[in-house]
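So, here come the structures, one by one.
Each of the two complexes below includes chain A, the first together with chain B, the second together with chain C.
The block that comes next holds the complex of A and B.
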């Protein structure tokens, strides 16, 4: 039963990772940019959710605002920061992104204070016990939402014209363009969807912890990079598997390796191990 | 005066660190997001050795050697993964180092190592030592740049596959760059440990790795003089911006962002561009003068 519980906790954590990392993969697949500031958008989503809920009392409105504003912020980052430096070596965008992320964390701290914010009316988070298993309501909600959104994204990329255009642009941008696909629109769309998903992850974390802090993005940002590398940079399916696997491995690792390494180190030890065996990640093809 | 000595000692240590990363990332083109781990290795190693009774100079060297050996091992990963994958792998090494040190009781865990013996030099003498080593590293960098090894590094950085085709031992040069750069970082770590006399794991985290990389990148990746200027500026920044203490990190992030956005070549690139533009303008002025004389005659 302990194993199953650990497994479920791992899956819940993995769902958060998945929601964040998918956006990163979308960006990397299109632009080959390691978008560290993505985790800043995750924190932005959480902050909007808490402040709007506390101001208006309506949680659904807050979620809507979080998703819309964060999505637009993602598009703005593409337009103002990445587009002008696309033809530079990859580390240029990476460092610019790290700079933006540091600035965003600081901006949250200055705007909302260093101690974080909570919902004025705490969300219902009682733990549900079910035949020896226990999960909080928020965790169950999180897993359902993640499954629905990521499943929906999967359908979108597999079944719709937009999805076909997206995949074509990832595979071969000039060819896609010559077939009449507006690749700039595809990029904007990817940034919007990816950032919106990060905002959803932020909202979910804010429900689970009932706390949003300026530094809440730092651990997910590096973890999400590890995940998209594990999944084979740019592969959406690989990213999902890697995110869930990492959540579960961390859950077990902290129990069994806890006195040797901390949680982050376990994640990165796994990453390095996989990369040494398969240099392009679990599902990377190159 | 004590304040200036402290500041100069820190600048010396930062110079060694930034120049050592410049060897790996600037010269040889192998990005590293985990340089703080080697700085930390050197610091912990030297601190534990002097606490065990070893004199300061051999302990400092031992820290460098151990960090260099660890760097050699991490360098092996650069033979297996490249570019973005390497950036993430080295970042992982940084987190692995931190996670490991935090959990080791013999390394002091979260509390780190305290009561590190004094190096037996006056503050002024220690400053001279730090600046002296930094100057030696700078001269070494300038020398390497013009040596055969520097050209080989350049070739590896530019295009690994072509370098291999023309018979450059890519693997050997990559490992050399990693071993040299990380050993120097280890020495910087030992200097820091005996200057601060207490070390905690959090000092050697990802933020420091990014700060070191920022010094290299803001200076202009691969340019020794650019890196020196940027390191001095960035080391002084907390002092310069003291009047806006609360916004220090915000400014730091913003500076990184704006440098990359508007001048990806860093200070060195900016200087070169301005220089060329001046030269061109001068040329144009001369042409205009020429035209004028031609028209008159």
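The block that comes next holds the complex of A and C.
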């Protein structure tokens, strides 16, 4: 029962990683850019959720605002930051992205203060126990939401014309254009979807911790990068599996290796181990 | 159908085609031939919107496409079977065809797909297979099928037979002959002289980015010097 419980806790954490990392993969697949500032959008979503809930008293409204505003912010980052430097070497965009990420953290600090925010009325997220399992309501909600959203995204990319066009654009943008696919629209759509999913992750974390802080994106930013490398860079399926696997491994690792390595060190030990055995990620062919 | 007026195009500072004038009349096959590096692919990719045009004009049915983006060409009835085929390797055969029909209403996809399968029954057998796992000949068939999904009026094919087994070359040329009877206009790049002389109605010979000979296939056959100097290096022409 302990194992099952750890496994579920790991899946919950992995769901957060998955919601964040999918956006990174979408961007990497299309533009070959490591979109570090993506983790800033995760924090933005969390901040919007808390401030709008506290201001209006309506959590659903706050979620809507977080998803919509963060999605649009992602599109704006593409248009204003990446599009002008697309023909430069990839490290230019990486540096720009890191710069934006730091600027976003400072902006949160300036706008909302350095100590973080909490919901005025703490959400009812007590732990539920059944049959020896214990999970918080927030964790259950998170897993359900992540499964619905990521499953929906999977159906979209695998089963619809738009999804097929998206995958074609990832492999060969000029050829996709020759068949009438507007690749700029594909990019905007990807930034919107990826950023909105990061906002959902931010909302979920804000519920679980009842705390949002300026630096809450730091750890997810590098962990999500590790995940997309594990997932084979640019593969949505690979990213999802890698995210969940990492969550589970961290959960078990903190129990068995906890006095040796902390959670984040375990994650990176796992990354190094996998890359030594499979240099192109868990599923990478090339 | 296609008219190139004084077309100059290239990569960065480099010019691959210099002031090319080319007229491809509607119906029939026009072949573009020439040695490696002559500029055949560059010409086709310029018409497709993938190589920067420095000067001159590209007209399709009188419509000026010179400055239009690559995405706009398919709407003008232009389709391409590019050099190296450039399928979407991780997509299945069927999904490649879906992308081919993306510019048209979704309802056009099933009938067009069935037509592509009728032309190349091997594709129908492999419809759920990844395009990247097909043999070279099957990939070429899929590249043609994908282009036909756009319901083109003008089809550009770059290196139809290159690297294919003889049996596959036959199948591809049978398909081309049958497409020709439907009134489709084709611009064909082909290194195999015998095939060119057999299928083409008109021939244009490129050398270093310039047209050095233009005429009908009959005129080409009657000109042994031309065949020797521009067309003959690879294979003796099979005269009818």
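Just so it is clear, the second predicted complex is superposed on the first by the 286 of 286 C-alpha atoms of A that agree within 3 Å, B and C clash if a C-alpha of one lies under 4 Å from a C-alpha of the other, contacts with A are read in each partner's own complex, and residues count from 1 in each chain.
Note that contacts are C-beta pairs under 8 Å (C-beta built on N, C-alpha and C of every residue); 3 or more make two chains touch, one makes a residue touch a chain.
Keep in mind that what you see is a predicted model, and the values were worked out from it rather than measured.
> Overlay done on chain A, so just call it for chain B and chain C: clash or fit.
Taken together on chain A, chain C would fit alongside chain B, as the superposition shows.
> Contacts for A:174 in the overlay, against chain B (first) and chain C (second): which applies, first, second, both or neither?
Second partner only.
> On the chain A superposition, what angle, as a multiple of 10 degrees, is formed at chain A by the C-alpha centres of chain B and chain C?
90
> Which holds for A:7: it touches chain B only (first), chain C only (second), both, or neither?
In the superposition, A:7 contacts neither chain B nor chain C.
> Once the structures are superposed on A, label A:260 by its partner contacts, choosing first (chain B), second (chain C), both or neither.
A:260: touches chain B, not chain C.
> Would you check which partner chain A:182 touches, where first means chain B only, second means chain C only, and both and neither mean what they say?
The second partner, chain C, only.
> On the A-aligned overlay, A:98 touches which partner chain: chain B = first, chain C = second, or both, or neither?
First partner only.
> Have a look at where A:161 lands relative to chain B and chain C in the superposition and call it first, second, both or neither.
second
> Of chain B and chain C, which one touches more residues of chain A?
B
> Between chain B and chain C, what is the shortest CA distance in the superposition, whole Å?
18
> Under the stated contact criterion, what part of chain A meets chain C in this complex?
Spelled out, the residues of chain A in touch with chain C are 161, 164-165, 167-168, 171-172, 174-183.
> Considering only the defined contacts, which chain B positions touch chain A in the complex?
31, 77, 80-81, 83-85, 87-89, 91-93, 95-96, 98-100, 102-103, 206, 210, 213-214, 217, 221, 246-247, 249-250, 252-261, 264
> Provide the residue numbers of chain A that touch chain B in the complex, in ascending order.
Its residues touching chain B are 32, 34, 81, 84-85, 88-96, 98-107, 110, 222, 225-226, 229, 233, 258-269, 271-272, 275-276, 279-281.
> Quick one: which bits of chain C touch chain A in the complex? Just the residue numbers, please.
48-50, 69-71, 73-75, 79-80, 82, 86, 88-91, 95-96, 98-103, 106, 146, 149-150
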